[in-house]
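Following are the structures in question.
In the two assemblies presented below, chain A is common to both, partnered first by chain B and then by chain C.
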Partner chain A sequence: MQIKFDHVTADYQLGPIRSANIIQDLDLLLPKHSFTAVIGHTGAGKSSLLKLINGLLLPREGNVVVGDTTITREGNKESLKQVRKKVGMVFQFPEAQLFAQTVEEDIAYGPMNFGLSKEEAIKEAQAAAQLVGLDQDVLKKSPFSLSGGQQRRVAIAGILASNPEVLVLDEPGAGLDPEGKREIMALIKQLHEQKKITTLLVTHDMDDVALYAEDVLVMEKGSVVAHRKVRDFFEQLTESMDWAIELPEARRFQLKIEAKTGRKLPIVCLTIEELTSALIEAELV
Partner chain B sequence: MKPTAILEVKDLTFRYDLRKEEKTLSAVSFSADPGEWIAVVGDNGSGKSTLSRLLVGLIDPEHGTIKIDGCVLGEQSKWSLRQQVGIVFQNPENQFIGTTVQDDVAFGLENVNIPFQEMKERVEAALKLVDMLELRDKDPSQLSGGQKQRVAIAGILALQPKLILLDEAFVMLDPQSRRGLFSVLQNLRKKQGITIISITHDRNEAALADRIIVMEQGELIQVDKPSSVFAKQEKLDAPFAEQLRRNLKSCGRNVPETYMTEDELVEWLCK
Partner chain C sequence: MNKLILGRYFPGESWIHQLDPRGKLVAAIYFIGILFFAEGWIGYLLLLGFTLLVMQMSGVSLKIYLRGVRPLIWLILFTVTLQVLFTAGGTIYFDWGPFTVSSYGLINGVFIFLRFVMIIFISTVVTLTTKPIDLTDAIHALLRPLRVVKVPVEDFALMLSIALRFIPNLLDETQKVMDAQRARGTTFGEGTLIQQMKTLVPIVLPLFVGSLKRAEDMADVMEVRGYQSDKPRSSFRQLTWTRYDTVSIIIMLLLTAMLMLVNRIGAYY
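Up next is the complex of A and B:
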């Protein structure tokens, strides 16, 4: 499902007081089936961008088009309902919002909310649990008895149970141990590939960007300052560091070696595997 | 002469559910010297946050003692010791009390007897250190995730404690802010001898600590300098340079056998 921003400006209105624009005249096209990483400073507007996609924040000017549904400043009820069904949103620390007695009920809450009967919703919940790799025996447990990594899976399953066509995730790996994080990221990648879900991922980890995303979108003060293929982006981003963006570990290490030896490695390395072979090929080891 | 420890933890044991045999923490002991930076690593659920809650007296141990600056932490001493120990939690949501960023940072100081003028100065200085001075009149609930985290850190800096506990306090920060705050804390440590205990999943951050504590299922399984920890704990994700060394090794390359820091590996590759 394609997402389009057409001259979108947005702010958080607080009663009669209007805050400064959080999103500034933004034009953006995210093709269907794309996997985009959103990066940028704290406060740059990344989470606000995600909220515009599922109508939690409404544009003050311009409109957001998700598939064939248009969100405008009026926030038409019917289109908001459609959009929330199509766009699954995983918040920062989503497990903080788990509430039900059992994992199954928690996951089934979304589909029931969208009008499925309890029975149908439980079916969807079971399928979603399987999709995220939760064992059947976990379903009857209290979500609060689970580990951090498992709770994160429950929260994601709760979103997937409504079969979204777009998935927007706000730092889904934050706070997980390295193993747990790799599992969650692999899961997101797999969903993207198998179910052709259009994916938008906010992350501060440039290795995630290099490993999982296809495109990268850099936000700064409410605007998009770059939107490119991941490899092109990191290839061009060298010492100049236009937006004070960090490089993936492998690339950072590569530049250190190149500066010290005065020799360029054969390729631009974004992963540890690439760097390993490049070092061997260059006979540095 | 070895300085006297700022923190001494002995035999710390804790269970959330007393009906169960299984312990959340069992017999954890370690100590920290003034000015030391200790990283705590371990899988989710290994007891890291539980340890930090015990250290600030939010929960009470079943066994064992905690001594802060020579004083045993207990019902009586808890309140005065809270001024010595500042903690920043993992998830900054719901940690805010004030209606503005500035009030929130000042709130922590209300129990400390200091003149208003000094309080004002401390709050400003702390907000400046975390780069949030501009947003001081904002409602904390309306901040972005990373901004909230920075306000929480400012609250602790204003308190000027002897010991700072960071429970994954950097997770929501962008790399640049993370590096900025890291060096702010390093400076405080050097200038004022503040001790820092930082719970983290970031291996590169842990590699920079003086010592690392490794937690596994409620037990402290190792506390040592980073090179020894990463050499011994094979299950632990190593820092990038060490992973690279291992990769080169398994490709049959003739790299040194033991743990290497980034500088050592760069040096070795460029020899």
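Up next is the complex of A and C:
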């Protein structure tokens, strides 16, 4: 599903007192089935961008078009509900949204809100639980009795259960152990590939960008300052661009090797696999 | 999210910053008290002038103070509207059933508005210019006499400081959980009363769980660091009463005298 921002300006207005613009005249087109990583400094407006996509934050000027639904400043109730059904949103530390008595009920909460009957919703919940790799016997337990990593899975299942066509995620791996994080990221990648879910991922980890995303979006002070293919982006990234972006681990290692040996590898390597084969090809190992 | 200004501290060097927290607290409470004795325009203008002067002296920009009013703006406007609609007397501009918009109502509305805003401003001055920990010390010191009647003043002060510390967190969290549930299709303020109450469960429950978890963590940390509530405690920070504090109390008394005076003059109009 395509997402389009058309001259969007937004702020966190409360009552009659205005605050500064958090998103500033933003134009953006995310094509169908794309996988985009959003990066940028803290406070750049990444989370706000995600909230605009499912109408938790409404544009003050301009509009956001998700598929064939348009979100405007008025925030028509029907279209908001439609958008939220289509766009699954995984917040930072999503386990904070768990509330029900059993894991199953919690996962079924979303689908029921979007109009499924209890039986259908439970069926969706079971499927989603399986998808994120939760055991069957966990379903009847209280979500609060689970470990942090399991809670995270339950929360993500609660969003996948509504079968969203767009998935937006705010640092889904934050606070997990490396293994748990890898599994979650692999799941997201797999969903993107199998179900053709349009994915938008906020992350601070450049290795995530290199490993999982196709496009990268750099935000600064509420604007998009770059939107490119991941490979082009890292190839062109130079010191002069002051985005305080670290290169992926493999690329940093490559630069070190090149400095040490004085030889330049023919390609820019973003993953360990690429680097290994490039090194073998260049007969450096 | 940093909407909530009440309970946040802005470091600074101003005169107001350096006052003894005990004096500052007493003065602020006292000021809020005399607000209710103001009558007529001149009295309100006098107090407003004083409030603005104090805010100016604190060296914190007006914008920050306005942000302190923000979360309460609807409540204030609601109260003011009620006041305007239900006060009769004077010239009547508009009349519809039990509602009237009259000159008395309008004037009263403005007064109520000013009173609200001044209460918020003055409390904000105190919290912005005093470290929460100093504020707790001050409350502790002021309550100390109650120890004679076996009130656990220490525990009370500690509870207060912890509660103050966590109010902004709790508000942030409420916003987050509400957003998360809205993203899962909850619509607030729709349907029958029962349905609306049901939508509260997914908000309140996670907040409870979060708070309990945090309280537990906190208790553990305090225990690990050897906190015991029944031991006599000494203070690391000493509060010192200076000449300036005495001066500020005298200023408050002068302000009271002036207010009485202008009230009297107003009465002769």
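We take it that the second predicted complex is superposed on the first by the 279 of 285 C-alpha atoms of A that agree within 3 Å, B and C clash if a C-alpha of one lies under 4 Å from a C-alpha of the other, contacts with A are read in each partner's own complex, and residues count from 1 in each chain.
The rule is simple: contacts are C-beta pairs under 8 Å (C-beta built on N, C-alpha and C of every residue); 3 or more make two chains touch, one makes a residue touch a chain.
Source: prediction; values computed, not measured.
Q: Have a look at chain B and chain C on chain A after the superposition and call it: clash or fit.
A: Result for chain B and chain C: clash.
Q: Is A:99 in contact with chain B, with chain C, with both, or with neither (first, second, both, neither)?
A: second
Q: Just to be sure I read the superposition right, which of the two partners does A:109 touch: chain B = first, chain C = second, or both, or neither?
A: It touches chain C, and chain B stays clear.
Q: Is A:276 contacted by the first partner chain B, the second partner chain C, both or neither?
A: Touch status of A:276: first partner only.
Q: What is the contact status of A:194 with respect to chain B (first) and chain C (second): first, second, both, or neither?
A: Neither: A:194 stays clear of chain B and chain C.
Q: Spot which of chain B and chain C makes contact with more residues of chain A, would you?
A: With both complexes superposed on chain A, more residues of chain A are touched by B.
Q: Once chain A of both complexes is superposed, is A:178 in touch with chain B (first), chain C (second), both, or neither?
A: So A:178 only meets chain B here.
Q: Tell me which partner A:246 touches in the superposition: chain B (first), chain C (second), both or neither.
A: Touch status of A:246: first partner only.
Q: Going by the overlay, flag which of 135-143, 225-233, 243-251 or 261-269 in chain C ends up clashing with chain B.
A: Of the candidate stretches of chain C, chain B runs into 225-233.
Q: Taking the contacts chain A makes with chain B in one complex and with chain C in the other, which residues are shared?
A: Common to the two interfaces on chain A: residues 12, 14, 96.
Q: Could you please specify the touching residues of chain A with respect to chain B in the complex?
A: 12, 14, 19, 39-43, 47, 92-93, 96, 147-149, 170-171, 174-181, 204, 206, 244-246, 249-250, 253, 256-257, 260-261, 272-273, 275-276, 279-280, 284-285
Q: So in the complex, which bits of chain C are touching chain A?
A: Touching chain A: residues 3, 66-67, 69-71, 73-74, 77, 173, 176-177, 179-187, 201-202, 205-206, 209-210 of chain C.
Q: Can you tell me which positions in chain A touch chain C when the two form their complex?
A: Touching chain C: residues 12, 14-17, 51, 54, 56, 77, 81, 84-85, 87-89, 91, 94, 96-100, 109-110, 113-114, 144, 158-159, 162 of chain A.
Q: Residues of chain B touching chain A in their complex?
A: These residues of chain B touch chain A: 42-45, 90-91, 93, 142-147, 149-150, 168, 171-178, 201, 203-204, 237, 240-241, 243-244, 247-248, 251, 253-255, 262, 266, 269-270.
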